[in-house]
């Protein structure tokens, strides 16, 4: 069907783009998860009213298009004279974006641990920290992990938007090849296949994990 | 640190233009959802089919929609189809891309909702003498739409956010497109994009709130 | 008349019915008792064609239920069934639950169906709950609604599948009273049940199922006073002690 003038070095170029996609995703998910854990524990501990400012800010990250967030952040860092490279700006915004979703996952997972279980733990003389470490987190992890895997894959896909700040990630490197080789469908199919290969196995793993855990309950 | 002077007045004057763009954004989101729901119902039913020729394409659609970026799907519609001599305008390419994405996610939502309805409901309906299709229409579908309603409104918010991707394929009439157009001419990037962000936020909240009120009216049980 | 002739039924390799023979006359009330997994509930879903059978035949008023030419939807209009798990339609009010099938299956007008539904609901003591959604009802009320729903189709036979098993003990009485009223009205009923008092006082005959076989069937007094089959004796003495 396709006779292509795409060469091995073009493929390497795409692989490099995929590397960028993975790097951005890695930093965003790592940073976002750390922040999400922190915010999530805070959200679960204090009253909804006290958490309102935090809830509002995080909600903004989920209600404004990521593209707009990236442009705004980039403009802001220029105004503030921070001279951040686009890679750093992208990672920071994506991390905050990730943390907004991660917070909800963490809070939901902690809330899913029955109060009686926690009371029982505290009645045995466990401190708040011990209760959290030995009772709440192991139980909450089961609830949170499938959603967290979903979030990670979401960020992997959403990271394509950093091309707007000039980063040459997977989709952008594909677009560059399209311009050069004029074979849009074939090259985009290759790009899509790479995304699919990155995402699908993990998605399958996540849903199987979820199924297995649900059956064991 | 800040040597930049914000010029909000200039951006403020562009509000009418931005609101016009917001209408286009809403229009695309609503159209893509209407078509997405229709395709999703077909996909959800097709994925339960025993025929491979029906099951396989539906599965490919759903898995590609869910495992590749929305932007990639829009690129496929805009650039990819060029290989076959099909050149879609940014508007159509954006609409097609988001519809494809919506349908894939909603198909899974509907499938999950169908599974959440106990099989005994269908048995009870059949026991009263209803044919399969009637039982499905009168007993199963209303319950499915209730379970799927909130996830569907979430997808609507996603659809609104996804419309902003149109700007990357040259869309210049929706909110993001108009914003970028003004930005290119005025270079007041921060102010104009901040205003756009506020408008997106308000639209998203209005949709969420509206959906909740609607749900309260529609599902009284 | 319901005639069950040498019916065999299995789920995969699990045989649940191994040659059942039973005839239920018009106006008769037959209770079916037995341990769990004895196949008694499966028999009911075979009678209204929800489950296919492997061999044998079931005739309702001379019509073979599992014949390919039989219009099951039509046949089911005269065989009501009430399940253990109520199966109320949660998206419809009590009145709508009961009028749905008369309107959509029998093609009655709305006022016509509502008149019948209101009568049936009043009969089961739910006359004041017409506009309520089932989620707001107790289990006993939901089950009585399910009975009214089945009766609104004016069936000639009603099958009851352990209708009190999912209820809290204090709610069992109200549902059994409803069943008793129905039996007194002369309805033909097959009741799969664990309520021995009900089986003894209300039914004409009682059948005992054991591992897919109908071990014994007898008029209810005889059945309880002088059970013949050793498994029946064992079952009854276990319940009494």
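Order of writing sets the labels: A, B and C. Residues in every chain begin at 1.
The definition used in the following text is that a contact is a pair of C-beta atoms (placed from the backbone, for glycine too) under 8 Å apart; a residue touches a chain by one contact, two chains touch by 3 or more.
Nothing here was measured: the structure is a model prediction, and the numbers come from that model.
Enquirer: Check every other chain and keep only those touching both subunit B and subunit C; list them.
Expert: Joint contacts: the list comes back empty.
Enquirer: Quick one: which chain's Cα centre is the longest way from subunit A's?
Expert: C
Enquirer: Which chain has the mean of its C-alpha atoms lying nearest to the mean of all protein C-alpha atoms shown?
Expert: If one averages C-alpha positions chain by chain, the most central is B.
Enquirer: Quick one: subunit B and subunit C, Cα centre-to-centre, how many Å?
Expert: Whole-Å distance between the two chain centres: 47.
Enquirer: Between subunit A and subunit B, what distance separates the C-alpha centroids? Give it in angstrom.
Expert: Taking the average C-alpha coordinate of subunit A and of subunit B, the gap between them is 20 Å.
Enquirer: Taking each chain's centre as the mean of its CA atoms, how far is subunit A from subunit C in angstrom?
Expert: Taking the mean C-alpha position of each chain, the two centres sit 54 Å apart.
Enquirer: Hunt down the residues of subunit B that sit against at least two other chains at once, touch-wise.
Expert: None at all.
Enquirer: Would you tell me which residues of subunit A are touching subunit B in their complex?
Expert: 60, 63-69, 71-72, 75-76, 79-81, 153, 157-161, 163-164, 171, 174-175, 178, 183-186, 188-189, 191-192, 195-196, 199-200, 203
Enquirer: Along subunit B, where are the residues that touch subunit C in the complex?
Expert: So the residues of subunit B in touch with subunit C come to 118, 120-121, 123-131, 134, 138-139, 142-143, 146, 219-221.
Enquirer: Can you list the residues on subunit B that touch subunit A in the complex?
Expert: Residues 1-4, 63-64, 66-72, 75-76, 79-84, 157, 161-165, 167-168, 176, 179, 189-190, 193-194, 196-197, 200-201, 204-205.
Enquirer: Spell out the residues on subunit C that touch subunit B in their complex, using ranges where they run on.
Expert: Touching subunit B from subunit C are residues 45, 48, 50, 73-74, 76-77, 79-81, 83, 85, 87, 89-92, 100-101, 104-106, 133-135, 149-150, 153.
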